[in-house]
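The same chain A turns up in both complexes below, where it pairs with chain B and then with chain C.
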Partner chain A sequence: MTLSLAGLIANESLGAVSAQTGIVSRNISGASVQGYSAKIPQLVTSDHGTPSIVGVARQADSALLKSLLAANAEQAGSTAVSDGLRRIEQFLNVALDGPSAVDSSASPAAAISNLSSALQAYSASPNDPIAADNALARAKDLAKSLNGASGMIQDVRQQADQSIQQSVAHVNDVLAKFERVNKDIVVGMAAKADVTDMLDERDRLLSELSTEIGIATVQRPSGDMVIYTDGGVTLFEMTPRAVSFQPTPSFAAATPGAGVQIDGVRVVGAPNSQLAARSGRLVGLAQLRDELAPRFQTQVDEVARGLVQAFSESDQTGSGAPTLPGLFTYDGATVSPGPGAITGLAARIIVNPTVDPAQGGDSSRLRDGGASSPGAPEYVYNATGASGFSDRLLQLVDALAAPQAFDAAAGLRLQDSVASFAADSMGWLAAQRQQVETKQTFQSAVVNQTSQALSNASGVNLDDQMSKMLALENSYQASAKLLAAVNAMYSTLFEAIRV
Partner chain B sequence: MSTTFGLFNTSVMGMSAQSDALAAVAENIANSSTVGYKEATTHFLTVLNGFQNSGEFGGGVTTRNRYEIPTQGALQSTSSATDLAIHGAGFFVVSDDSGATYLTRAGSFAPDAEGRLVNSAGYYLMGYAADGAPSASSTNSLTSMSVVRIRNDKLFATPTTAGALTANLPAGATVVAPAALPSTNGAGAQFSAKTSITVYDNLGAPVILDVFFAKTGANTWEASAFNKADAAPGGGFPYANPALVTQTVAFDPANGNLLSGSPISLSVPGGGTMSLDIADATQLGAAFSVQSVNVNGNGASSVREVMFASDGTLSYLLENGQSIPAYKIGLANVNSPVNLTSESGNVFVANGDSGQVFVGLPGTAGFGRILSSKLESSTVDLATQLSSMIVAQRAFTANSQSFQVASEILQVLNNLK
Partner chain C sequence: MTSVPSTYALSSSFRASLLEIETQLARARQELSTGRHADVSLTAGAAVARDVHLGARLDQLNTIFETNKIVGARLDTTQIALSSLTSTAADVRATLLRALSDGGDRKAIVAQARLALASFTATLNQTIGGDYVFGGENLDAAPAADYFAAPPSANKLALDNAFLSAFGMTQSDPAAASISAPAMESFLSVEMSALFSPPNWAADWSQASDEPLLARISFFKTTSVSITANDPAFRELAMGYTALSDLSLDALSDDAGDAVIRTAAQHIDRALAGLTKLQAAAGGMQAEVESANRTMTVQQGLFLSQIASIEGVDPTEAATRVNGLMTQIEIAYTLTAKIQQLSLVKYL
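What follows is the complex of A and B.
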């Protein structure tokens, strides 16, 4: 140990303390930044006792980050589903409670019960044309409600499809950013530079990515990171893999949605591949578009088919004429549909123009029959033409409440009355929505908890930083004092020479 | 009488010796901040009068100067990666413009316009090109060293030759019919798992390999690799060219570990033969997932900066973040470093007293380690030098007093007449 060395050590110590002070000030300024992790200077003592900063580490918790990524993906998925379901439900319910008379029966179930009441009122006074008009208006409401519900379902599917496209664009965008940051980290780590801020940025990008699709990451020795979807498909390895999606311009009930391809493998959308992604917004949107909304569509289609069936007119003369659609019909309907879903029927169902005076029909056909083929005597129920004939109307009211067969694809009861089937369908929608919202609430709590835990584990604790700063201040003073002492000793030597 | 005249001689020799000591102190103080400078020390030796009888005094003194070359200087940090210091024994081998080699510990190197690493005294650092690294037994191969030149003017690429992939294949996957296996390259080929790996061809262009795994039966799988560039529009089958490799992989039903099928050897399109190690792959009852994937080789890229490892490896850090070894900086030493001849510029030359130069790699027996971003400071301690100066000054004064006394004695003698 020599005096020169003592001076050198004091000098290096001052440098090390100022570098650490720089890191403390970085930590303090980053304390309120989302995703900033506390930085820790890495000091070593080299051979002659001189301290030097060899690098900067960060306080990170990879296990918690992994949980956060998973929770993010789950939450984003259920949010996408619940948003879509809520839109359909709100359309039906808000319209139901709304002031507008036209929309007052937007829910098919409510519209059926309105129609049933109107028919009953009509049957009580079969010769009253106002009651006939009222029943006809309710029937039109019901057709409109089914058309509206079907339109809404397809609109939700369309929107989900567009959101998938936006999500895919977002994923590609994030991956492009990820590539740059990842490369900087690899270069920086190889050059032993401080890459902690870039690591924070990379974690932030991962978290952004995880809301779109569930991911798993693999870290390579060089600091390079590889991203896979939670289904195992390569999303990023040295370069981003192509994430592609062909949006469907418009949706009808029978239109299938396109799938999302990553690295040449279909990861989202039916039919499910073995490598399908399991969570994330993309998965939620695809579930809404390809599974839940079509299921509800099948249900309203079945309601429409059940109505056509319930109001169908059969041969009254025994001449063997086929049963034909009566009050409710649809384009191209020749014979009354039997059990089995007709895709998109809800969008096509109309009130038979032969019953509608506005379209040249006659509303009394509701009471007398013959709506299916005006003029044909086989379908006239009121053969005598009595103005007090109510048998057919009561038959119709009964038909609404009578059990009939429904398609298993609707996922509801197989034998049910059309009124109860429509109510069940609304109940199914509400239950689905509630179920996914419960899941979403739970997952939001998990996300909040996890990000809180992550922030506690890796974030900046201001008290810590302040105490570190005090320690650094003391250390700086001590080193400066040491320099002063070395200086004083030299002065003594110089004094000795001067004498 | 001889004693009186001898007094003059002795004191003059004493003054001369102290002047030498002062000169050494002055040189030391002047070089107290010179990187790689070794403190000069003055050693005093008695010189006896040849006519002296025993019991008589009057001998003189002479000095031997030497540089304390083996002393380790303190290492100070710098911000330049090409500043090198040796911790332990050994010297950098440097050469001047004429090609003559020297030894030095002054490691303040910086690249010149041609990329050669030159220190502040103008000497060029020498090393072994990475492909010509000496074996441990090669102890004297100064001739195989060349001037280290950082190739900033060139792109570098290394083709991929090896890789490792660790993945779990789902034990419960459905068996793929032989007609639909990926190896058939049919449009509707089925597979249970797919991953893709970036490798590099001979020209450093990235080639992405699509690796498919399809279950062919209980515990047997077919692994096949395709060039992604050949994929059908939108990715997937059929590929324009058949599979690069198709290999049957078998797993142990007892524990899900790989039984056979590793490594997979394939020819990278436009590149060399690559051996993909999948020895750690498993077939367990979990979904497909990749645990690690690593390949060697690097894409065409220019040099961003140079890095030094303590074993003397000089690596180029390329723009794409990969690093490739370029040189091994060898160290040289002699049996008696203290006897090396010093020349201007803090360089040393071997001579008969020091022994022959021998070379070796840093960190091996007898050689120190190379540290980057460090410089070896001068071994001079100012305080020691200042105190030595005072001592030498006082000793010089004392010698001059002896001279004065001798002179006065002669004066007295002269006055006797």
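What follows is the complex of A and C.
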């Protein structure tokens, strides 16, 4: 061991300490950045005992990252569904204030109840034109409520479709970034460069991607990463796969939405393929667009059809004339529709113009019949023309509460009154929303917990870094002292030689 | 080895839990002030169907209460009218019975009968809210025709014609004194009775329909809630009054006059019996409406309590929750402040 070697070691140690200080300060600056993992200097001691930094590693926990990716996907999916359902429900006003759920509500169920009340009031004063107009106004409200609900449902589908498009664009965008980062990592690792920040960035991109679609990843020895969807379709391998989607410009009840395809394989959208993705926002949006909203549409369609039927007018003379739509009708209606859902009927239902004075009709046809075909004696219920004839009105009130057959496609009771079918439909919507929101609350708790655990496992603790800094300071001081000592010894030596 | 919390996780977890508590606090406050769940459908789920259904039933119940008020007012008016008809008829009958024993003042009888007939018409033509109470289903036509209208109405003309063709003279003819008692009796029981038969009654006297008004007075009960002017009691009464007022009772011979009074008294007797039955019937309807109202009041309470059990929040529980959450927030604030102070940097 020579004096010059001691000087050399002290010198190199100074270098190592300042490099480590550099990493500590990097860690401190990244302490409050989400997804930043703490960097750890990798030190080796050379043959002659000099310490040097050969690389930088990072604290990472791939298992926790995996659970976070899964939780992200689940949460994003249920958020998409619950947002859509909440929009429909808010439109129907169920969740708003009021003494009772039906009072302040624009839902078809509440409108039916209002109409039934108005008809009951009209039946007690059959001679009162104000009562007739009131019943007519409630009937118009009901038709409007059904039209509105149908419009809202299709609007929610449209929005979901647009969100799918944005989501797909985002996926492609993230995949493009991913490709660059991934390539840099492979190159950097081959050159043994510091790739930790890029690894952080890659994890962040994965986390971003997982909210859109459920993913699984495989890391290869070269540092290269392959991404599959949770349904097993390759999303990225060396290069991104093309994720494509054709948005639908406008939605009506019968309009199907297009699916999301990866390399031509349908992964999202009805009908579900075997390779369909199982979680993520895209899946939630597709479920909303292709299953839940259309199901609710079928229900309001059935309410509309049930109403047309309940208010239909049958032959009163026994001449065998067909049963025709009465107070409620729709464009192109010929006879009163029998059982079986008519897609989109809720958007088409109107109050018959023959009953509406504003359109040249007569609101007393509610009481007397004849709304279906004015002037035809077959459909006149009030044969004597008595102004106190309340039988038909009472019949209509009964018809709203009388059981009739409903389409199984609505997923509700097959035999039900139109009033309670509409109420059940509201119940169905609330139950769906409750279910998905419960799931969402749970999933966001999981996301919070997991991201905290991941942050704890891989993130920076300031106190930890500060104590490391203290140790580095001491070691720097010691090395500097050592250098000064060596210097002093040389000085003493040279003094001695000169003498 | 216990994991060291990262500085980011520490601060973000406080933020997340504070936000969560504040959201809960906002909900609890709203629930406390409204007494309902902040988001009923989220809390109740599928039970919303029952909730909506109950709400609809409650609405209908309230409407039926309102319509029962209309029905009740109609029946009250009917009762008052019936009892006024009964008391007038009883007065006339008392006069007739006195006249049969002592001959009486026929001019006075005619005057009383004319007044009674006029009041009969007015009573039957009572309206409530523009609807004729005794019209049956014909709410907008006065059920009873005015016998004393000018120009004479169909009922008066019909009697005049019958009288003319039976006796060959008008009622005001002084020769009426020559009409014999048997001839008068036969006129009363045949020609004049025919004028008050249902078809002629409907043609000349009454615009009412035979069909009574129908009304739903509870969820399951639809019943007739009016008495129509076509009831036999009214026909009998009209016949009695008309015979007394317009057969020139004061000009007839004593025997023929007695025959008129006797026959009229018989008709009024039958009318009184009929009126009593009608009063009982109207009373029965009133009782039905009242009992329906009583049942519905019970139902109303049941529905309200069922709705409350789905939508409602126990205020004590909500208040406790608000207090608890506020304490929690305070603790969270204090802790956050303390932990922020806790840093190695301060000691270096």
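Keep in mind that, in the parts below, the second predicted complex is superposed on the first by the 477 of 499 C-alpha atoms of A that agree within 3 Å, B and C clash if a C-alpha of one lies under 4 Å from a C-alpha of the other, contacts with A are read in each partner's own complex, and residues count from 1 in each chain.
Everything below uses one rule, namely that contacts are C-beta pairs under 8 Å (C-beta built on N, C-alpha and C of every residue); 3 or more make two chains touch, one makes a residue touch a chain.
For clarity, every value in this text was computed on a predicted model and none was experimentally measured.
Novice: With the two structures overlaid on chain A, would chain B and chain C clash, or do they fit side by side?
Specialist: They fit side by side.
Novice: If we overlay the two complexes on their shared chain A, which of chain B and chain C does A:Ser222 touch? Say first, second, both or neither.
Specialist: first
Novice: How wide is the angle at chain A between chain B and chain C, using CA centres, rounded to the nearest 10°?
Specialist: Rounded to the nearest ten degrees, it is 170.
Novice: In the three-chain superposition, say which chain, chain B or chain C, touches more residues of chain A.
Specialist: In the superposed model, C touches more residues of chain A.
Novice: Give one of first, second, both or neither to describe whether A:Leu429 is in contact with chain B, with chain C, with both, or with none.
Specialist: second
Novice: Is A:Ala371 touching anything from chain B or chain C once the two structures are fitted on A? First, second, both or neither.
Specialist: neither
Novice: Using the superposition on chain A described above, determine whether A:Val56 touches chain B (first), chain C (second), both, or neither.
Specialist: Touch partners of A:Val56: none, neither chain B nor chain C.
Novice: Just chain B (first), just chain C (second), both, or neither: which does A:Leu3 touch?
Specialist: first
Novice: Between chain B and chain C, whom does A:Met489 touch in the aligned arrangement: first, second, both, or neither?
Specialist: In the superposed model, A:Met489 contacts chain B only, not chain C.
Novice: After the two structures are laid over each other on chain A, how near do the C-alpha atoms of chain B and chain C get, in Å?
Specialist: For chain B and chain C in the superposition, the minimum C-alpha gap reads 30 Å.
Novice: Would you mind listing the overlap between the chain B footprint and the chain C footprint on chain A?
Specialist: none
Novice: Please name which positions on chain B make contact with chain A in the complex.
Specialist: For chain B paired with chain A, touching residues are 32, 72, 74-77, 81, 87, 167, 170, 173-174, 191-198, 206, 208, 210, 228, 231, 234-236, 287-294, 304-305, 307, 317, 319-323, 374, 377, 380-384, 386-387, 389-390, 393.
Novice: Of all residues in chain A, which touch chain B in the complex?
Specialist: My answer: residues 2-5, 8, 12, 15, 46-48, 50, 52, 183, 185-187, 190-192, 216, 218, 220-222, 224, 226, 228, 231-234, 237-239, 241-242, 244, 261, 263-265, 274-275, 489-490, 493-494, 496-497.
Novice: Name, in rising order, each residue of chain A that touches chain C in their complex.
Specialist: 31-34, 36, 38, 89, 94-95, 97, 100-103, 105, 107, 109-110, 112-114, 116-118, 120-121, 123-128, 384, 386-391, 394, 397, 419-420, 422-431, 433-435, 437, 448, 452-453, 455-464, 466-467, 470
Novice: Name, in rising order, each residue of chain C that touches chain A in their complex.
Specialist: 3-9, 11-13, 16, 34, 36, 39-53, 55-56, 58-60, 62-64, 66-67, 70-71, 129-131, 135-141, 209, 211, 213-216, 222, 226, 307, 311, 343-345, 348
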